[in-house]
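If you scroll down you'll find the structure; I have some questions about it.
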């Protein structure tokens, strides 16, 4: 139960950063926090108490008490997607800094109405 | 003002999430699909590491999408940074201290070897293409820290990526040709636990490992901005 | 089968003309004349035939064409007027650029009007109604400048009208599972009273916009004034009549006379309200027409007035009234087109159509003057012109129907028609010839032919109304009224016959009397126009022009009436929408934080709605 | 005739572009049209087979709830066909529209964008839908920032931040669904939900929260009212070919995902009136803001929001004819908006500015581009003889057929918005055709562009006059959506 | 065992809050890296070694490296 609190705590912090903070890099940090929280939530959904990791490293492992492998597959993909989005975001941040000289999203507002 | 609104909305959101969490008990097996993978993962795919079996065989299509996403990320990354002008105040990177250069030079081969080990043993021990590629990338990161002005040709990285991406799809098509399902495991599964076993999984993971490694290194290399003089339009 | 050929020629011809235009101008002109003449002959051949042909399946709704007396009558008018205006525009548009587009659109409007009139079911009626409105839109904005706003106003109002019509058509389809007009008219009594009222209101909005009944007339003055003159002749000659055709369809074909008279909201009969609207649209525009300085604006406002007449005629519901309305429609097409052609001829020669600058062109352009004189007489309704016959019929119908209030309003607006009729005549042709118009030549032959034909027709149908009344009588019987006894010279009816012969004889007698008195009088001395004196001193020529603001005292009286409140209302609505859109677009304020707040806020809203109000 | 090729071939050609790039730079720009042409022909060939029985393709040969499957039903094939046809036309147009900048990367991103769209439409697995939507999003981030000037970088950053919040919500929704029902396959999920909550009138709370997150995640991609703040900036600063594809196809994929979740997976139809009102608000806001725009591409972007609101409104009316009308409106919007953006593309390219006032008198100098704009706007406004009329006609008919007072009022508002839409479109037509032009030299649009216009015009007028054939296919798509149990039976067997 | 995870999660949330609040971006980046590293450890507790390795190597190492390199190109402080 604690893991859920941890996971959703991270997500809420990430969303708070996105809503309130004006610096673009701080927002990108918020996005990475959200992704980390999400991954933690997904894995903690698939966890079984007293379960073992789903790998047959030793011959005598009982597959019935193994942890659910599907969320782990999902999270692998989700981590790489978050890295991809992050890389794009940072590249854009660099170009934005080059164009506007500032990363304060409060001031970069000429694309409106 | 924005802070108050934000906090209010987040409170409502967390209350909603709290309501929906009640129906997801922690630690109790909820899945209808997971046990099947655990029970006959080894039999179907021949891989000891069930997660790799799920990632590459059962849900191989996801990983194909995944590889495209990473390929896209590098593409987008270079289109955005491609037209960047050389910053005038690019101070000469401080020469690496002695310990750093010696340490990096010493560590680089071992980290590289460890990365390659990870993605070759993807189907046996935990780890796989993505983790192995990341370790290789951190190896190259170490390498760049030492020789910042090292010119690594971007063209070669791009070729490796697209070649390994195509290899992944070609294996999928071969699966379609031989096992009349796209991405089906047509190679012999061999004895579980051996290195050359679990059909196409090691093959795919090697290609993914190389691909992820080259892609992440490409990203870091462009970000280091060493050789963006060439890109200057 | 002929109908299909007819419409294929009409639409195909339009595009053929456009392609021919790419080759050579002359080929295009000749081809367009030939096509319009072919269409005219085809329609004349179709007289009296009742054909129904199913030409296409759109979403498995059968679309069909149907020709009967009503549609034949309108089709004849459309093709006849378009031929004349094509002949007229050969000379008038000689110098202007992108004429291929002009001729394409002119023939397209003509073709779509024909298709409207010939269409047998409401869906194809609506389809060709819309093609007519967007091709008219492109044609009105033909000569740039102010025409652009006029065209925009036109297209917005006509889209609003046709959307109301679309709604009505779909309601009808859902009730009767078919679009065919005949099928609907037979099953209309199945539907409830307020369904009929709803259909009446929606369709009358759609047709009202096109026929410029008062609350929906805002587009007409600008559209007529700014459209190229030959097209504004078609516009006010026949295009407004499409709305009237729609009303005829609605009143007598779909609803039928019995239901029409029974429709009432809180006791007031709907057709009386409509007649009232017609009366207002006769009175107010005629008053406004008096004080316009631009010749074509005067004609535009007078068109609204005359449409009001036709509306009154149709909605009285008696056979004489409807015959009067239809005859007035027929005669208005002729003399209004004649008026527009003559004004266009004047404008072609002198370059301006501002009444204050023109004057004294009588000797310079005699044929155009005669044409304009006859058309103004027809407009006013002097005996021996077709205007008189239709006005007589409408007044008799109003009198027989005992609604004297409408009679009174009709009389006042005829008086107003006299005022602005005389104003046009005097400003352009009588009075002093201003300097720069000295060397004005006669109107070219190509323009004189339509003017001569039309003025001949005005007199012909004035003296022998029976020719048209026979077909109109057949038409009324077709719609469902009892027929009138019609002879060549007028109508024999129990309460005082209309007989042109004795009116003709009376007029001849008066004319004879005047000539005799004139002859007995003392010798006449003719004075040259420009050598008159005031207070002993010789007035230089450029001081002569005194025909500027004509009816100044009258202007003082009815000035409050003239502010076009309805037009201002539409402008107010347009400004409201523009300021609203300025406020609404501020939602996208450019700040990413606010956008993320929108997203999370929307999530919170959904959750609150679910938990708080148990909505779903 | 395995539909997997619809996804593999574009993917393979995208990966192969760098190799071809080595051989010759010019060869690269012919690969996307070829790939999309293959997709279009293949989709059209598949239609007769699919109308009889939808094809279920298993990935890797594993039995159903465990592997991933592609469900190629009438709905899927319609979307794939439209994506392929428009993708082909736009890439054909882009052959010599995209000159400057790194062409190779542009074409790769473009192909991957279309692959993501096709994949999202065909897949039968919610996590796979998320991955393909991610491919779609990331490639459109990169393509919006392709021009590299100040404005496109800024809009791309804003689009990225909102897009990643959207993908975060999507993943959260999928995680919650997996937590409750334990499976990722759409049909299996639908089966479990009907078993568990089949009879419930109001939606149970713990089914509603994942539904909220899914609606928001895909709503951001499908630009519903409060979530579409990114669309005007992204579509106005992207190159015209990209904004044509984005507003023609990409936002419809988000809408498709929502429909799939509402109708097939959750099967909750008690929320449809609320969605109809939401669609209507999007329509009203889109049309009103478009009315007061000076920049032509921003105006078209807002009109895309409006049209999308109309499609969403039509589909959430709920009857089978309404959904057919909504899908037909999607077709109309896809083709006419592509035509509008492509024609505007060359106008901007020649006059070097996006302001409508700078388009005075272009009608004479670029006859084909302005004719294309004219026909595109006429069909969007819904004048007869064009596609827009037949789709709007069905929507109005099905809204009235529902004869509930709420929908009568809503349809009135829809018609009012059509008037506003007509107003601003005709204002632009008038500036193009009937205003004196100030600058002297404007060259004509090149041959490839004219051919692209020509194909689109034929499609628009053809479907406007004879829509019966396409109507039948769309009707099967609508029945597939409405009939949830038939979907489950055909997938799980 | 259970107390250990509670402590770890609270440290992780603390790092998240520090990352959210701190003015100096480099400090925020390191705090975010710290949070994702603790997540990797939690994954080990949740019996997910593959994901732990992935999260550690990508989430903690590479993402932080990317952030630091990006900061080098732009401004360090808020």
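Order of writing sets the labels: A, B, C, D and E. Residues in every chain begin at 1.
Throughout what follows, contacts are C-beta pairs under 8 Å (C-beta built on N, C-alpha and C of every residue); 3 or more make two chains touch, one makes a residue touch a chain.
As the structure is a prediction and not an experimental result, all values here were calculated from the model.
Counting steps between touching chains, the shortest path from chain B to chain C takes 1.
Considering the contact criterion stated above, the chains in touch with chain B and with chain D alike are A, C. Among the remaining chains, C is positioned farthest from chain B, on the basis of C-alpha centroids. Chain centres here are means of the Cα atoms, and by that rule the chain farthest away from chain A is C. Among the chains, the centre nearest to the mean of all shown protein C-alpha atoms is found for D. Counted by C-beta pairs in contact, the busier of C-D and A-C is C-D. Distance between chain A and chain E, defined via averaged C-alpha coordinates, is recorded as 10 Å.
In terms of their C-alpha centroids, the spacing between chain A and chain D amounts to 28 Å. Spacing of chain D relative to chain E, judged by their CA centroids, is 38 angstrom.
Centre-to-centre separation between chain C and chain E, using Cα means, comes to 78 Å.
Each of residues 585, 588, 592-594, 596-597, 600-601, 603, 607, 611 in chain C touches at least two other chains. Contacts with at least two other chains are made by residues 3, 14-16, 18-21, 27, 44-47, 51, 53-55, 70, 72, 74, 76-77, 79-81, 83-85, 87-88, 90, 92-95, 110-111, 113 of chain A. Shared interface positions of chain D, defined as residues touching 2 or more other chains, are 127, 131, 134, 138, 141-142, 145, 148, 153, 156-158, 161, 165, 178-179, 184, 205, 209, 212, 289. Pairwise chain contacts present here: A-B, A-C, A-D, A-E, B-C, B-D, B-E, C-D [touch as defined]. Contact residues on chain D toward chain A in their complex (touch as defined above): 127, 131, 134, 138, 141-142, 145, 148, 150-151, 153-158, 160-161, 163-165, 167-168, 171-172, 174-175, 178-179, 184, 233, 237, 289.
Interface of chain B with chain C (complex): residues 2, 5-6, 8-10, 12-13, 15-16, 19. On chain E, the positions that touch chain B within their shared complex are 48-54, 57-58, 61-62, 65-66, 69-70, 73. In the complex of the two chains, the chain B residues touching chain D come out as 16-17, 19-20, 22-24, 30-34, 36-37, 44, 57-62, 64-66, 68-69, 71-73, 75-76, 78-80, 82-83, 158-159, 161-163, 165-166, 169, 172-173, 175-176, 179-185.
Across the complex, chain E is touched by residues 49, 51-52, 87, 118, 126-128, 130-131, 134-135, 137-138, 141, 216, 219-220, 223-225 of chain B.
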